[in-house]
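Once you scroll down, you'll see the structures, which are given as structure tokens.
Both complexes shown next keep subunit A, but they swap its partner, so subunit B is in the first and subunit C is in the second.
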Partner chain A sequence: MNTFLRKNTVLLITLAVITALFIAAAQGMEKKDFVITLLRGLAVGSITFLVASGFSLIFGLLDVLNLAHGTLFMIGAYIGWTVFVRPDTFVDLLTPLALILSGFALADVYPFLATRIRLGLSMKRILPWALILVSVLIFSFILPRYPISIWDVENYGQSPVTYSFMADSGTRLPAPVAVFTEIAAPLALIGLVLASMIGAFGLSLFNSETQQQFKLTWKNFAAFAILLIVALLTFIFNESLTAVLTGLSSNWLFLIAVVVATLSGAGLGALIESTLIRPLYIRPIYQLMLTLGMSAIGIEIVRSVWGRPEFVMPKPAFFNGTGGVCPATNFADWWANNCSTILLLDGRVRVYNEIFIPIIGVIVLISIWMLLQRTRLGMVIRAGVQDREMVEALGINVRRVFTMVFGLGVGLAALGGILAAPSMGLSNAMGESLFLNALIALAIGGLTNYPGAALGSVLVGLIQQFIIKYGQIGIAIPFTDIIFKPTPPLVPASTVLLMVIILLILPNGLLGKKE
Partner chain B sequence: MKKFLSSNRASLITLLALILLPFIVGLMDGESPMAVLANESGNAKFAQGLAIEIFILALYALSFDLIFGITGMLSFGHSMFFGVGAYLTGISLKTLGLSLPATLGLVFIAAIVQAILFGLVLPRVKGITFALVTLGMGSVFHIVVMSSELGPYTGADVGLQGVIAPAFISPANERIRFYFIALTILILVYLLYKRFVDSPTGRVCIAIRENEGRARMLGYNTFYFKLAALTLSSLTAALAGFMHTLYQPIVSPNVASMGFTVTALLIILIGGVGTLNGALVGAVVYRLLDFGLRRYIGESASFISGAVYVLFVLFIPFGIVGTWRAKSFQINQGWQRLRKLFG
Partner chain C sequence: MEYILDVQNIHTFIGQYHILQGVNVRVPKGSITALLGRNGAGKTTTLKSILGLTPPREGKVIYEGKEVQGMHSFDIASKGIGFVPEHRAIFRDLTVEENLKIAERVKGDYLRKRDFIFDLFPDLKRLITLPGTSLSGGQQQMLAIARSFVADNHLLLIDEPSEGLAPVIIESMMSVIRELSKDSTIVLVEQNFLVASRLAEYYVIIEEGRSVQEGSMKDLANDKAAIHRYLGAA
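So, the complex of A and B:
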């Protein structure tokens, strides 16, 4: 006990000062203001935590500063919005996606094929490029002609803004149904499969010489077959599937949107790690440039697909009740009426923003904690954070773990994105501000420390919300009559200042370990 | 003399090309060199303007290369160095009404003060934590500049407008003079940097980048060397900011934002980290790429530039200059083979 105190004196003093400040802040406002501000702070903290935890897992294990994390958070939100508001687009996209992936499912077969082909040296150099070129040509021929019913950014009546608005009011706009006109359907489907196989073959030829051992198992072919079947089924039952999804209640649709956004975030992360970041582990600085470039690309893609104007995502019906009995006075009442607000200690609290999001934050916190502490994968991750080379030396396939952790991190960010979308709204800039928050939270809590990420995020959220609240009511400075009102720019400045002070006192953050 | 000429052939040719650039562009456009000297508007004047912007960017990137590429401190608050120079020049010329030399003196004093401010945190934090602390200081400066309380001085989020440069280097009427002054400053600073890196102090800075613990083990107090690099870098960046304000009619708050630090980072990553002339090459590539894409592609330019950065990282692994140095033997060989093929 004594040694614990002595070792952590600075940390304990810092925590005590923060707590004292917090209590002082609580004294200055009324009870209902305090409750609302506290819950808002926790909500902001939860979203920040989802981004920060993924970032810190990636940084801890892979030593990659993923500066595109904010952009991926934003992409998660936009994907979720698409599934929620335009299920028909989502269904239309399933078929080509499954077809494009199918070729890559056979990844282990190609090296086997490559050994069977005897080629001259110059041919061997040209062949991969030629194959990739052919595949890109086929893709660029088919994909623009492949019919996908989508909104129209240029036309206001068909823009995301309008679709969001209509979905919120309960009616759905009749969306234009896309049909095959410029290209025959079988040709498009077969062409996509072929192009993807050719492209994957070309890519696999690049490292055919480093590949020493490969095993052909039924698993490769099974994955290929499953993808093909999925593609075929979604193609045949396109319309009925769309009808089913559109007919679902918005709660279920929201659940599907969350799952799809998280999974596609994880898939995107795994793809980025295995293709772009893997060659750069020997040149760490250039990872910065790569992730910066990806961030710029991501923002531009979002701008060109979903347009520049901001729009809101409707909340699921479960949290969106209004009318006579609302706001609910207690939770049983809320459960019966699904009110959008609830009265808590005289304060009017929005259920989705200020209660649901913190609960999800806590659930994710606990489940990732369990993953890290109780599973074999978590053990490998924790060991890798401590000493990556040692883990490699023990014969564990660290590369696969790297891909999984990158996918997990990006998936968490995407989950944060879709959860934040109904409360924050969707905009091209939503990633950047949140990413800065997450970075500050991590610096406060300790860069590679998982509980630290949670603590830092909550601190950042609370401080921001309390400063905003005090901007409205003003701080009476003791012994004077002056009432000081913090202006809006002070909100980011306050967290940044807190970060600088904490880093100067504890260079590794609150919970970070000493080096 | 002959040896000097042959060993510096490339730099001398570049220098000559830069001196002749306004006249060549003028001749291509049908303007006589006298007309170019008289600052008549045309393509030559436009090219000078673009070149001046590149010189300022190169100066700024050089200063970042000194602390990041040479000394190995990743600072995310570097735009603050530039921003302080730019804003202080504007305020001093416009609000305080000081003369140009007095302004320059003020900027230099401020640069030294902020280098010492950054230096205060040096002994405590290093590595990624240093990056975050400097990011914090830089963002606080950005927020202060943007705040409405300082509106009369900094112009808040609109930016500082209406700074009138003294008539004898006014970018509108005496652009060719401005061009040559900027070129001279860039060359002098570059030579100074080269001298610094080759000096014993610079060698210790490189040693700090490679392994700080060992440098300290050898008996060097690394703090002073880092502070020296930081001060020199801060002075250069402030000088770049000073020239930026004189050249541009408006100082936008973006020059103090994190994005502008990222610009410096991109420039030296394109050119090659820790090579010094990489910063110059990178500035040319970055500015021309940005300019060309915005002109010919328009809105989605940053998509292409993002893709270019990704391709750069994958295929030109150590920046232009770095890769050139690493592969100069192969490049030479390929060149010989090509010449044999044709003659």
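So, the complex of A and C:
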């Protein structure tokens, strides 16, 4: 214990000073204000943590600074919103998506195919590009003609803003059902599978310098077959599936939206890592530029699909009760009426924003911690953060672990996005400020340290919320009559200031280890 | 003679530097073979090239009759090669037990080998719950060696086992390596010629990225000229 104290004196003193500052901050405001500010800080901290922890896992193991992480957070929110507000669009999208992915599920088969093809050197260079071009051409022919019932960004009455507003007021705007008119259904389905296979084959030719002798088994085709079956089922049962989803209560639908957003984030992450990032591990600068580019592209895609205006995602009914009995005065009361607000120490606390989100934050914190500490995958991740080469020399397929961790990290960001959507609202810029917060939190907590990410995020969330609150009530400067009100620009500045001070004292962050 | 490993004329580049310029190493099955040579001659790079950590650009690495050059490191290692790197590379954030468990290639490897490991290294049993950071140099070396044979490896590549260790510990390390060589073939990189000559049956001398001489250790011990010329030792 003594050695622990000696080694961590600076850290303990810093933490003590921070705690003292928060206690001092608590003295200046009423109890109810303090409770609300604390909870809000924890909520912002939780969302920041979801982004920061994923980013730090990816950076720690893969050495990839994923600058697109904020954008992926935002994409998670928009995907979740789509499932929640427009389940019919979501169901319509399932079939083509499964078909587009099906080709990539055959990844193990392509190297085998490639060894069978004997070509001249120049043809070998051209072939992958030619295949990708063909695939893009087929896609661009079929996809615009594929019927998907979707909103119309140009037309306000049919725009996401209107759909969201209507859903918030409890009615579902009727949406037109999409049918195959411009292209025959079998042609579209088969064309998508073919285009996907051709494109995936072309991509796989880029990194096929390693020749391996292996046999093909049914396992290499299993994922492909499953995707085809999913596509076929969702195609046949499209309408009944839509009816089931629209018939669900908003609570279940919200749960489905959260799961779909998280899983699509994870899938998107795995896809990005295995196709775009993997060829660039030897060129870190290119990687950085790639993720930066992806971020810009992602924002533009979201703008063109969901439009520029901001809109609010409705909360699930479980957190949205109003009426005479609300706000609830205690949790039993809340449980009975599902009020949107609850009175804690005379302060009105929004249940979803300020209680539910921090709870999810804690649950994720603990589950990822368990994953890291208790499972073999976690053990490999912890070892790989320190010495990738040695893990590989033990015979562990680090590439597969890389893909999983990238998927996990992006999945966490997407989960953060969909959770934040009902409280923050959806906008094209929602990822940027949060990503900046997450980076600051990581710098404070220690760049690749998991508990550090949590601590840093909570500190960033708390300090922002306290500054905002003091902007309203003002700080009385002792021994003077001056009341100082921090202005809004001081909110982001305060986190940066905190980061600068902590980095001056502890250059590796609060919990970061010396290299 | 049957060779478990046959390295044929490999050339390895690190960045733009041409580190290995034609190394040949043949390792008879069941033997201890030492790679000798001065600092920076390319001994460690040879081990890494065998494992594909620094993949050779030319030449062949044949392990148990199959060419493995150009494969991923984890595929090569999975064929049954254990590696003890220079500076041990113990995972600091993992406990001693986790450091051993992570080397499992088949579930249960660790449980099967546990008694054997603790017979060889009684010290490790006592330290089993401690993090890798809290071990001394000698304990780290023991852990690194133990980690290399948790999985059923037929070939162990051991880089500088005696580096930075006290003479007493070097002695026990040598007896462990002898014990291991009963079941596996061992390739040893060793600066300390005394240690190498007492352990190994065969040797390969690497000089400026080329293998220049090979043979049986007994012959080398009498070849004072070669020792002086290539190893700088008396």
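Operating definition for what follows: the second predicted complex is superposed on the first by the 500 of 515 C-alpha atoms of A that agree within 3 Å, B and C clash if a C-alpha of one lies under 4 Å from a C-alpha of the other, contacts with A are read in each partner's own complex, and residues count from 1 in each chain.
In the analysis below, a residue touches a chain if its C-beta (ideal position, glycine included) is under 8 Å from a C-beta of that chain, and two chains touch if they have at least 3 such contacts.
Predicted model only: the values in this text are computed from it and were never measured.
Trainee: After the subunit A overlay, clash or fit between subunit B and subunit C?
Mentor: Subunit B and subunit C fit side by side in the superposed model.
Trainee: Looking at the overlay, does A:L504 come into contact with subunit B only (first), subunit C only (second), both, or neither?
Mentor: first
Trainee: Can you tell me whether subunit B or subunit C touches more residues on subunit A?
Mentor: Counted on subunit A, the partner with more touching residues turns out to be B.
Trainee: At the CA centre of subunit A, how far apart in angle are the CA centres of subunit B and subunit C, to the nearest 10 degrees?
Mentor: 80
Trainee: Identify the partner contact of A:G395: answer first if only subunit B is touched, second if only subunit C is, both if each is, neither if none is.
Mentor: The second partner, subunit C, only.
Trainee: Does subunit B (first) or subunit C (second) touch A:I190, or do both, or does neither?
Mentor: neither
Trainee: Touching A:M379, do we find subunit B (first), subunit C (second), both, or neither?
Mentor: It touches subunit C, and subunit B stays clear.
Trainee: Tell me the contact category for A:A296 with respect to subunit B and subunit C: first, second, both or neither.
Mentor: first
Trainee: I'd like to know which partner A:D387 touches here: subunit B for first, subunit C for second, both or neither.
Mentor: So A:D387 only meets subunit C here.
Trainee: Please give the least Cα distance, whole angstrom, that subunit B and subunit C reach in the superposed model.
Mentor: 12 Å.
Trainee: Name the residues of subunit A shared by its contacts with subunit B and its contacts with subunit C.
Mentor: Common interface on subunit A, subunit B vs subunit C: nothing in common.
Trainee: Which part of subunit C faces subunit A closely enough to touch in the complex?
Mentor: Its residues touching subunit A are 51, 53, 70-75, 77-78, 81, 83, 85, 89, 91-94, 98, 101-103, 105, 147, 151.
Trainee: How about subunit A: which of its residues touch subunit B in the complex?
Mentor: Where subunit A meets subunit B, its residues are 65, 276, 279-280, 283, 285-286, 288-290, 292-297, 299-301, 303-304, 436, 439-440, 443, 447, 487, 489-490, 492-493, 496-497, 499-500, 503-504, 507-508.
Trainee: In their shared complex, at which residues does subunit A touch subunit C?
Mentor: 209-212, 376, 379-380, 382-383, 385-387, 389-399
Trainee: Within their complex, state which residues of subunit B touch subunit A.
Mentor: Residues in contact with subunit A: 121, 124-125, 128-129, 132-133, 135-137, 139-140, 143-144, 146-149, 258, 262, 265-266, 269, 273, 300, 302-303, 305-310, 312-314, 317-318.
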